[in-house]
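As written, the chain order gives the labels A, B, C and D, with residue 1 at the start of each chain.
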Amino acid sequence: MLDEARTGHAAAIDTSIPALEMVGIGKRFPGVLALENVDLRLEPGKVHALMGENGAGKSTLIKILAGVYEKDVGTIRIAGREVEIRTPRDALSQGIKVVFQEIALIPEFTVAENIFLEDYPTSGAGNIRWRKIRDDAAALFDRIGFKVNPDARTGDLPVSQQQMVEIARALASEARIVVMDEPTSSLTPTEVEMLFSVIRRLTSLGIAILYVSHKLDEIFEIADTVTVLRDGRHISTQPKTAHTSDTLIRDMIGRQIGDLFPRSRGAGTGDVVVGVSGLSTAKLADIAFEARAGEVLGVFGLMGAGRTELAKALVGYDPIRTGTITIGGSPLCPHDTRTAVSLGIGLLTEDRKTEGLMLELPVMHNMSLASLGRFANMSFLDEKRERSAVQEFVDRFRVKTPSLEQHIKNLSGGNQQKVLLARWLMRGLKVIVVDEPTRGIDVGAKSEIFALIDRLAAEGLAVIMMTSEMPELLGLSDRIMVMAEGRITATMGRDEATQEKILNAAIA
Amino acid sequence: MPQSPDLALAPRPAPSILATLARRNEVALLICLLALIIFFSLASSSFLTPRNLTNVLGQASLAMVAGVGVAIVVMSGEIDVSIGSLAGAVGIPLVTIMNMTESLPLGIAGALLLALVVGVVNGYLVAYLGINSLIATLGTMFIIRGGIYLYTGQRSIPDTAYLEEFFQLGNGRFFDFLPYPALISLIILAIFIYVMRMRPFGRQIYAVGGNPEVARLAGFDVRRVKFICLVISALLAGVAGILLSSRLGSAVHVAGLGFEFQVVAAVVLGGVSLAGGVGSLVGVALGVLILSFLSNGLGMLNLATEWQLVVTGGIIIAAVAFDEFKRRNQKQ
Amino acid sequence: MFRIPVTLLAATATIAVMSATAVQAQEIPERIGYVVNYATHEWYQNVIKGMTDRANELGIELEVRDANQDAARQVSAAEDFMSQGVDVLIITPVNEDGVVPLLRRAAQDDIPVVLEGNPVRGMTTMVAICDYDTGYHAGVAAGEYARDNFDGQARVMNVGLPLLSATVLRSEGFMDGLRTILPEAEMVHDLDGGGNPDRALEVSSAALAQNSDINIIYGINDNSAQGGLQAWKASGRSQDGLLVVGTGGEGLGFINLMATEPAYQIEAAMFPEKVGYTTIDAAVSLFNGEEVPEHIVSPTATMIGDEWQQYYSVEGTTRSINWENVNAVPAADACMKTAADL
Amino acid sequence: MTETASSVAPPSRLRALTGNNEIVLIVILAVLCVLISIGAPQFYSVENVVAILRQCALVLIVASGMTMLLIAAEVDLSVGASLAFSGVVAMDVTNKTNSVLLGGLAGIAFGASVGLFNGLVVTRLRVNSLIATIATMMILQGGIYLYTREAVQNRHSIRLFTDLSTGYVGPVPVPVIIAALVFIACYVVLRHTMVGRYIYAVGANEKAARLSGLRSERLKLGVFVFTGMLVGLAGLLLASLMNTGQPTAGRGFELQVIAAVILGGTSLMGGRGTLIGTLLAVLVLKVIDNGIIILRWNQDLQMIVPGLVIIGATWLDLVRRKSDAR
């Protein structure tokens, strides 16, 4: 039924004119040149892959297309006609549908309603046709083999299913251009297959797809053409067939991978500083492991596997149902972050903005927050000592900030992350849990963060690193632990770990 | 449309109707309301009479009408505390115009025009200038009340047109049974329940309050939605003010003092989250009724004002705390 | 220790005598409902006290509901009384225009209504003091005081309340009465003290700073007078050459002030208990369908210095009314000026 | 990313000292003072200045606590009702014990216990503080009449009690000194102690603060209690100023205080605000209040002008911050 509706639509698509042309796009943020003179050209019925490391400018380009940001310079043509996109509404009315990596669904609504959020089917009188919404959604899910109850409250679904709902939404829209930003980051392989069949269905209707990813295997499977961005600049656009993995990686990173992961230490064989046994929470079941001083324990899992939940349970943030956690031999009181911190465990959160930074506060206050006691005499702060300690870390970590008074929201992601790392190191920890430490950080800063993590382990900390990025998992970890559905499914040494083994365990 | 056979295999089966019901905030409120009614019926013989019950519906109507507006604003993620001053203010054009023209419709038009202007100002300040809605509407609350005093010289303006329709509007009964204000409030309630459920705009309000970023990505004009919500809230406060004015037979300069607190309390009691995006108008209606029946029933029991205040305050805390407790338990 | 019972006894005796005369040949209503404006205010507490005393005497069940200064709540409370079927309704309007529809509805239900305090269009009867006259007589007394003590200088700060017509009348009456003695008397600052002690104090401070020649403070109620006086004291001035005139005599406050503050010399007392007492009698008359005047005036008296002791006695934190003397205060037949003249 | 450093100008000395919103307020205050004194030269009389300062004192004492509370992302609307109640308690206990010390402590303790109640309801029962403290306000408004049906008169006649509000130390009124001490203490706590840092941190991002090992609930509870204590102190001063414990006092006081704190640039969302801003805002509002009277303007403007100033100043602040961000 949807296909029928689309057939008429597709007939209007002229395959000889590019579906989308972006020419000379430039975008500057306060202090950052995010995009410089970028060109992009999508053909109807083709899948165009957009590749690049984090911070390469992919998201900015997509957001310009989606109307979230306005470009500073450049031209956008759709089906040959020049258009201005200033708001998401403009983008939608130009037939551009973006599937974002962050879930863009209203959790309180049903799945079916979210599918039709952008364009409710209404009766002649303008009333929402709830039956149609429900039935069409059900039919749509049927067609792509996605098993979910259309009446379920969206917020109750696991993340991967929410992601699928987002993707299914693209099918229900009248879009001529569908942009997908890292659509597979939280999907299971079955769901990835579902996604690819969705994409093929869309291209068969003459719809142009912009597929953003840095996963090479996916690109080689689904894409027709590949454009690579690096540091906000256009590097190359070539048919997939002209590329090999090596040429793609070279284009994306512009250097050897080895550079990214410096290694200054041997395998960690220190004392056990973290001991977890029988740990269960609302989202975790029967977790047991140990971490030693001087090692990086990588924890891998797909989105929704329970990585973040484990991180939060370890530092006493989330309540624990059963099990024990010991830090340096002392048991941790459940649900009390303060004793956790005083025992020497700290968490560098995945979501910097909502769980790490005090955006309105200066760099100095952000950094010294966890170790104010060191600078205080009867609670009175010795700001001189505090300032010099903070300055020391700013210098050591090469945090780029005009002053210690600068509001931290004005710093780049990488520098923010360094400040948050320094918050913990200043305090002097035994264990640091880092959750997706390089999310949203540009390449240059990424390697600095990696170097810092490596140095921490070398200095004798136990580092527990939660990540969904295979390269950093393999590049940094001494041991790897894989999670799926709240359980540990595999533990392996650095030498025995391969991508396949890890992925298989993550899907289990 | 074929029934999807896969539904049975869905990872999370649809919860049973009973479980869904128990999860609904409205059910808890309804039980609370019924408990109150039963308690007061046992405690006072004059409580459970058709006359008294319909009276309470009439008394609740002002907060009901204004509450619908405030609830919509709160669902959209903002707040409006200027409604009390506005409800008092609309009586001025209403009565003045009626006295001049002997026409109720013209008076109502004048009253609603004033409400519209205030709504547009509130909406503009909040949605387009980006001023925090609590601050903006607190400011307009002061300005309007001061304006009333300044304009009237702190005198009420009597109705000298003696229009029968004007009297009937607030004091008459539909078929000698249901007070007109109750009827009007129920109609407005029904209209907005319909809008929130059946019109795309209603859904946009929830979306905007629930997650403005997502709403923007879905192509909704977040500012426009918030703007319209504040205008609706002002218009409904205007309607409440018209009814109030009719019940008072004049434009009373102190009318509506403290009304905003009553209404916000009822809205929150009705399960609308001050964070936005969550709540239902049925819940709001129940919240209003609970507070109205409480006031009526405690009066029937001859409870002194001071005890009424203490009991009402305690019930608000208990109800909101319970709701919060339930919400947290569900999350776990 | 012995004093209270004696006074109480005297009071009851008087009540008994009075009721004996009033009750002759009258039907007694079973239930009276009173919708008070602001039950927690001292003035109304004493009105209710007077009502309760009288109602108990006559064997009437008196129910009181508080509008708590909310005009809408007042309508609801009256509505509840009507649906319960009280025999007589007494209302102290939050706002006099705001109860016009209520009178009509009560008439439809055949429930007689007595108003307390403020006149309302279409009313049958009202029990109230004469606000203008009360202020006027206090003004005359203040004029005499200023003539004798201040060389005829009278520079008045009015701590007023424009919100209510009653309080505006008091201020007007005060100035008019004052000018009968001292035609040159001037109101140098007319303030809105909100009727609250703290707000009155705040606005008075500013006015006193602006006009250093103020020598009379008039307060439309005891709280306002007190606020004005406290502002004077807070500015560090001596009370020599100052006269404070309060209005109401609603509770213990003015007694305390007259006893301790040298400048607080004149109080326009309004005997709330007497108002309540008279209101119940009016309700009974109305219930019997008797002819009653439109305005039943409840008496007021200007008390100078320690004259209050004639009317009240204080023991601890209770004040007792001396019914004999209060009942002997003559009431005017009609007011010199009412809200209708504003 | 390297451009970040060069493009953001380092804050000037003045800005670092005062923050930014304060400049707007200083200008408003200066303009007001000039304009009012043109219309009414008495504005600058010692008596008037003292009167303004004394009025500021009560508001400032409570507003200092409220600033902390708002920075911690909470609010207390019950301060007006609590002000009256603690004044009544202070007077009553002084009457009964003949000790200003005990009376004062009782008033402050009462205020603190109201704060404790609010804090527990907010942090343990997780009731939104706006709604919780509206409810507390109702409870207190009822409760005060259960405690006393009439104003509690001064029956102890202790000089010290009245001196608390009307006395002078040199040329400075005692309440102004008390307010200054409270203000300085709060300023030091907010600016120079761990507790102050924690308050900002909890308000700016409670999750992050908890993850950094702060006990946010205990901290918020503490701020509620502290604000309550200050309300108790203000109530004591009010009772002294009125020479009675007035159950009808404090109407609308909560809005005065909150208006001042907001006007002072403290964010309702928490994490942002300064006490200097609050101080300036209290002065601005009280100067407006005073000016309207001594200019003999219609007192109804005392509601309208502050309304306009609050909206206008918030808007200016917004515009300024936007242009800063660019």
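By our rule, a contact is a pair of C-beta atoms (placed from the backbone, for glycine too) under 8 Å apart; a residue touches a chain by one contact, two chains touch by 3 or more.
On a predicted model such as this, the values are computed, not experimentally measured, just so you know.
Student: Leave out chain A only, then trace which of the remaining chains are still linked through touching and list those groups.
Tutor: Ignoring chain A, the remaining chains still form one piece.
Student: Going by average Cα coordinates, which chain is farthest removed from chain A?
Tutor: Between chain A and the rest, the longest centre separation is with C.
Student: Go ahead and note the Å separation of the Cα centroids belonging to chain A and chain C.
Tutor: Averaging C-alpha atoms per chain gives centres 73 Å apart.
Student: Just how far, in Å, is the C-alpha centre of chain D from the one of chain C?
Tutor: 36
Student: For chain A and chain B, let me know how many angstrom lie between their CA-based centres, rounded off.
Tutor: A distance of 42 Å separates the two centres.
Student: On chain D, where are the residues touching two or more other chains?
Tutor: 145, 300
Student: When you check chain C against every other chain, which residues touch at least two of them?
Tutor: 40, 162
Student: Pairs of chains that touch, anyone?
Tutor: Result for touching pairs of chains: A-B, A-D, B-C, B-D, C-D.
Student: Taking the complex as given, what residues does chain A use to touch chain B?
Tutor: Result: residues 1, 66, 68, 87-89, 91-93, 98, 100, 104-109, 113, 117-118, 120, 122, 126-128, 130, 135-136, 138-139, 141-142, 147-149, 151-152, 156-158, 161, 282, 319 of chain A touch chain B.
Student: Could you pull out which chain D residues touch chain B in their complex?
Tutor: For chain D paired with chain B, touching residues are 121, 125-128, 130-132, 134-139, 141-146, 255, 258-259, 262, 268-269, 298, 300-304, 306-308, 310-311, 314-315, 318.
Student: Give the list of chain B residues in touch with chain D in this complex.
Tutor: 125, 129-132, 134-136, 138-143, 145-147, 149-150, 154, 261, 264-265, 268, 274, 304-314, 316-317, 320-321, 324-325, 328
Student: Name, in rising order, each residue of chain D that touches chain C in their complex.
Tutor: 40, 42, 45, 47-48, 50-52, 54-55, 145, 149-151, 153-155, 157, 162, 165-166, 168, 173, 238, 241-244, 246-251, 253, 289-290, 293-294, 296, 299-300
Student: Going by the contact rule at the top, pick out the chain C residues touching chain B in the complex.
Tutor: 39-40, 63-66, 68-73, 75-77, 79-80, 83-85, 94-101, 104-105, 121, 162-163, 165, 342
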